[in-house]
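Several structures are given next for inspection.
Shared between the two complexes below is chain A, which has chain B as its partner in the first and chain C in the second.
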Partner chain A sequence: MKAFLPLFIGLVTAGLVAMAWVESGGLALHEMRSAGTPQEAVEALVTDIQSRNWDRAYARLANSNDFEKQAFIRDLAGSSGSLRTYSSLESFKVWPVEAGADDATMRVRLNWSSAVGPLDDVRDLEVKKEGNVWKVVWPKPQFAKVPPQVIPVNYLRWDVIGRGPTDDWGVQNVDNPNVRITSMNAVERPDRVVIVGEVVNEDTVPAYVNVNATLLNSDSKPMDQEGSFDMISHTLLPRQVSPYRIDFPGFHLQQVKSVRMDVKAMLVPASADPVIAVTDQKMDKDPLGKNVLRGALVNQSGQTVNIAQVLADYYDANGRVIWVSDGYVDQALEPQVAVPFAVDVPDDVASKIHNYHVLVNHYSIHEGS
Partner chain B sequence: MNSDSSFPRRPIPLGVIVMIAAAIHAPLLIMELPARTSYDANFHMFFASHYAQHWFNPWNEKWFAGFSQTTYPPLVHQWIALVSRVIGLNEAFSVVMLIAVLLIPVATYGFAKLWVDERAASYAALLSVFAGTVAFLTYSAGQLPTMMSAPLYFIALSYFYRWSHSAEGGSLWKGVALTLTAASAHHVTLIFGAVLFALPVLWLAAMDGPQDGRSRVAVVARALAFAALSAAGVGIVLLPYWISIIQHPITQIPIPHASRSNLLMSAPIFMNYFIVPYGLLILAFPFIVIRGASVPRLRVLLLAFWVTFLIGLGGTTPFPKWIFGRAFEILTFERFILWATLLALPIVGLLVEEWVDRSGGRAMAGIGFAAVGTLALAMGWLTWSPFRPTGGLNVDAAVEFLNRDGHDQYRYMTLGFGNALPKISTYANAGSVDGEYNSARLLPEMTNYGAGQFTSAKYFGTAGMESLRAMLKHANHYGLKFIFVYDPYYDPLLVFAGWRKVETYNSGQITAWSKEDVPPARKIASDAMPAPWEGLLWGILPLGSSLLAIVLMVLIPDRVRAVDNLVTIPSTADEGVYAREARP
Partner chain C sequence: MLRLTACLLLLMRLAAFGEVHPPAQVTAGKGFSISTTGSGDASFYLISPGHVAKREVKLGQDIPVDASVVKKAGRYLAIACGSGGCNSAAFYVMAAEPDKVSFFLHPSRVRVKSNDAINATAFVFDQFYNLVLTPVTVDFKVIPKTGPPIDRPIKSNLGVAWMRVASTPKQGPVKVIAEVGKASEPRVIQQVASDACNLRIKATRTAKAVLIETDPLRDCSGNAIPDGTIVSFTEIDGKGKTTVDVPIKKGIARTQLPVNGRAKISVASGVVIGNEISLGGGL
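Moving on, here comes the complex of A and B:
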């Protein structure tokens, strides 16, 4: 027993630790790091990116001589306070597109966790065999450079004065701006009821706007109340129109007798800056074959817009809003630089779209709100 | 040098050991170190502040739009609440923690004496003062209930042994009272302790009984009587807890915790949950196993240590998952390190005794260096750790904002405040939708996502941010109007969701955000609200059990054993024979 027990404890402990190590992916990680196949090479690279081990990730590239490590980091970790700088790579999936003896193309889907919600990024990566090891050919990062120029500042701005130091924001004892819902459409989706529509600020002053909806059942009793949350432009300039979308997960239209809409509006300070132009809009397919609305955003002001959100509403042939979708752009909008965007559109909606309208919300660090 | 009368050959008096513990820990606790450096100190003070104001009403409106404090045994919180009447909340926490820390060597001494001789037990008790896990749980984790419950339970086990072995009636009542007190401090310790600590002691009593002329059957019968009395007592004393846990079993999606991960996959986590709490005790592990296996009397203790050690490794072995099943995803495992250490210390005490006898001053110096090094590492880790908490954050401005101009009509949330959240909750009148106690959460915006607190949402990745989005979407329903941000990471989401920055504090470190169309908060109906009689029981029985234990300890002094109770510990052939006085 004197010798047996220590031996037993030692061996069982070592065995249990080894089992858990294999179960936790330790063995797979060890094999993957050897990069003996194209799959392992991409997985090893993305694992290093995930853990932000930039030195090791950069060393795994076949074309690391083509660009600086800093450019590689900037390409993945973002810059200028962009959404990517607020993101971390949570998971990924790699699968082959083409495979040869010495080169291959792998597709990787990167799932980022970000400050505004999950983001997906699909990239095709070339992989080359160098000796016994496969290495990834990373697309050379391209960063637009804009020549020095003067951007005149001539936008409109509305300030609100008379607010006391102890007043809450919005308490000004003045009439609320005149805001109206111009359209509302209840849409059935497989897992939810969605209310889409548009709201307009009909006043001559800017307005903070929020739209809430309450589903009423056959007894006209409320079943659920939800708000537009980030599927609206909360600050509307005079005469500006915003789409809105309100989701009711777990409900079906047949349960709903009517919908009570409620729009809240308040006078707020606002400015027309920055002006963000939307160009090259078109319906398209992404690499996975899904319908998307593509285009580019151009920040026409002189200040960087750190995070942009694209809100698009889609109309049918009768001019009725049939869907609203949104997407966050993970690059910062540097002045005068076009940044591409793509917003998902459900397949059944895409076939009915006759027209669309795109609005851009923005967040700038220097403004804060 | 090593004559019988020389210092190293005599047990160190327990009073001296307690004084050393006080000399080390009292200054650190009086300067309120855990309130600034630990994860849970603010949480326990928050619970205590509720009892200070609503002793008989465990329904607390300040977190989760209302939750029941019967979901957590109340004893340490109630003691803090009582003491806070005299010296304030922070110092009251420190005083109660100091009592727990001082009880650790007392408990180790009594428990170790069941297994080894008095001198070895005194070494074990002295080493417990320097144990990395004690410093880790006190200053880094701030787990006061675990720290209080463990020594109380180990002391109770000494009486359990004496009652089972010698049928001393006084030991029965003191043991049961201490068991109830330990359970009132921390139920989890009792549940796991019943297997990990009590079974080895029962085995020991059953082995020692026949050697001392007592019937083994009688020993086991007395042990069962002790267990039955304790179980019934715990059932009654913590009745509101059992009602709440039966009514709302923990079914939420598991929330990740680093202590559950495979420690070998991350160096900082390995450091935090293995190197720091065990310290240089790690070097003694092979000797603990060899020495524990070589003495038949210690084998069960060794096995108990080994099992507890394996559980304490969390996901580093599959063992805890096998034995706990789904409960693995609810438990945190750092407390098992304390228990494993306490179980190992009697064997370590024996080893130290042997080393000192063999090498005298050199051994003393080496062991002293290892002990101090272990404590120093645990204290240094408070500064070096990448997991530093934010409990020391100055939240006065946020509290002042919430307590003025009727802002407490609404609920609030913090983002990036980490464990400074309970500090705001303690002093602000307004309620929050967030909270730090995962087991009491019933709001679907929290339980459906597998993430912890909203204030730390980003650390839970997509699950955390989706959970936060779900709550922000329902801001109007909960009257959630104000959000305090200490981490600008959350600013973009608030801007896009319609909140506006209204005030800035601490030179821009903290910002206050508001959403204007939010109606005042209304009560959220909950079937988790305890009945008034439960509040009455909760306010009387746990504290009453601790008072009863104190009274019994004072009124029934421990009997001093005579020489005929000396037990011989079999030893290896080349070593001397050790004697033990079987007195707790």
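Moving on, here comes the complex of A and C:
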């Protein structure tokens, strides 16, 4: 009985010490020190990024003295209302590219889930051995800074006043814009039929455009109807051309006798601002060896574009549209700053591409368009 | 109403007595009298497209019908029912003189020099909004901003008169008026420029880039292409391709593009392709 009390006090003390060790980051330190391989170091870092434990993730870096934690957070969590700020890291995969005794290069594929679907981000990370522990050398985040300036914006804006509910029958209204499908091509893919083409606004006013297609079978009866959804630039300014793509999953071209196309256009208020240039476009391969169309977006206006979507249509040697692909850019487009993009191109299509046309859809929080 | 009519018609078969004799044709909004034969008291029913009226009358006397009861054009049925049974007669109320015109003009925007592009349709009504089915002349007047007005009288057919007319070569508002008697309905249509003609660009070197701008953009009739119309510039150099869609501002589209070495720059607007210029290196 005499021995019970000291034993009890000793156990409680040990427990409290253990709790204090965990609270003071001892466990994290232990985990960090237990990164005995480059693979473990990157996995531990990305796990912390996934749980948004920025303090611990930042502490895992070999070069945390080179930049501030806020820059590291901004690099991963996004800023300025970009798509990344509405995303979360769903999963990741790490594999080695090069491995040495004291340093290694690891490739990590980050799968972000966002409001517009999954986004992939592939990065090559350098990993260094410090003592017995491997640590990641995070690429120093580079954020272009726009010098203070005044950018005059005096592009057109169109507003619409329609017929009122109290107006008499026969009172004139403003007509919907004239839009026209200039090309259409049905493409067979392994798991689907895809309708691709281009539509042009032939009017002098902006148009909100939607393209629908109906597959007809050998009896000329409809099999399925689908719309272009987000694979089109819905708001077309006068004489602007947009690619469109309509997918019919589960169908094959041999089932289809013809396709009925339907384009609908509405007169909507719109602004000719911002103007976004698409620079340095070229066909390339990504780190995984997939074909991509690369380039950079430059917002030539003075207001931040929060979310940008790149739409690209590809032509064969006869000038026929053979594919349309898209990709969302997870960075905001700050004025005058080039933001890189890459959109996937299927391997079998890439070999036939003779030319391409890129268009940018933009969404700004303050404009809603 | 149909049930009531059927019942009354059934009653009428039971006995023939005093007859009603309305005029064969009546003009909407004008009072008239229906003569009757026989004697004694009777109930008089007037069934019209819009309503049914009943009142007590004396057979053998004229039954006055107020103008307010016959505003709707169409087939009317006059029925007199007395102790001996019912009798009836149908008559038609025709639309009154043309007084109003409903005018549809399509489209609200039209490209210049387009054949049969303007469609004007007028519906002729009397003051009670009855469609005037008798042929009347609708006078269509097309008054462009510049140039002589066009006068086109068209006879209506079953209350409708229509015409097609080509747009003129000059852009701007065109007033189209449909006139019938004192009724006049004006509409305005906008004639807009057609596709760009002779789309040409020129390039000027600046410190860091090349300033590319179009000549003032006009269609083949000399109309200025409206501001806001998109012009697409494409530049291909050693680093790849650069494209930018630029809206026309003050009649000209311009942009600045970085150029690396030799470059080819082309321009397009909608389905119209312009010239291509080549730049040597040295920037």
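Please note the rule applied: the second predicted complex is superposed on the first by the 322 of 369 C-alpha atoms of A that agree within 3 Å, B and C clash if a C-alpha of one lies under 4 Å from a C-alpha of the other, contacts with A are read in each partner's own complex, and residues count from 1 in each chain.
Note that in this section a residue touches a chain if its C-beta (ideal position, glycine included) is under 8 Å from a C-beta of that chain, and two chains touch if they have at least 3 such contacts.
As the structure is a computational prediction, the values presented were derived from the model and not from experiment.
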Partner chain(s) touched by A:116 [first = chain B, second = chain C, both, neither]: first
Partner chain(s) touched by A:175 [first = chain B, second = chain C, both, neither]: second
Which superposed partner A:307 touches (first chain B, second chain C, both, neither): first
Chain B versus chain C as contact partner of A:70, first or second or both or neither: neither
Partner contacting more residues of chain A (chain B vs chain C): B
Partner chain in contact with A:239 - chain B first, chain C second, else both or neither: second
Residues of chain A contacting chain B in one complex and chain C in the other: 168-170
Contact footprint of chain A on chain B as seen in their complex: 261-262, 264-265, 286, 289-290, 292-294, 296, 299, 302, 306, 310, 313, 315-319, 404-405, 458, 461-462, 464-466, 469, 472-477, 488-502, 511, 513-517
Chain C - residues contacting chain A, complex: 102-109, 123, 185, 187-188, 192-193, 195, 226-232, 239-247, 249, 255, 257-258, 269-271
Chain A residues within the chain C interface of the complex: 154-156, 158, 168-170, 172-175, 182, 200-206, 237-241, 272, 275-282, 294-295, 300, 356-359
Touching residues (chain side chain A, partner chain B) in the complex: 1-6, 9-10, 13, 16-17, 19-21, 23-26, 83, 86, 88, 90, 111, 113-118, 166, 168-170, 208, 210, 212, 225-227, 229-230, 232, 234, 264, 266, 268, 306-307, 309, 361, 363, 365, 368-369
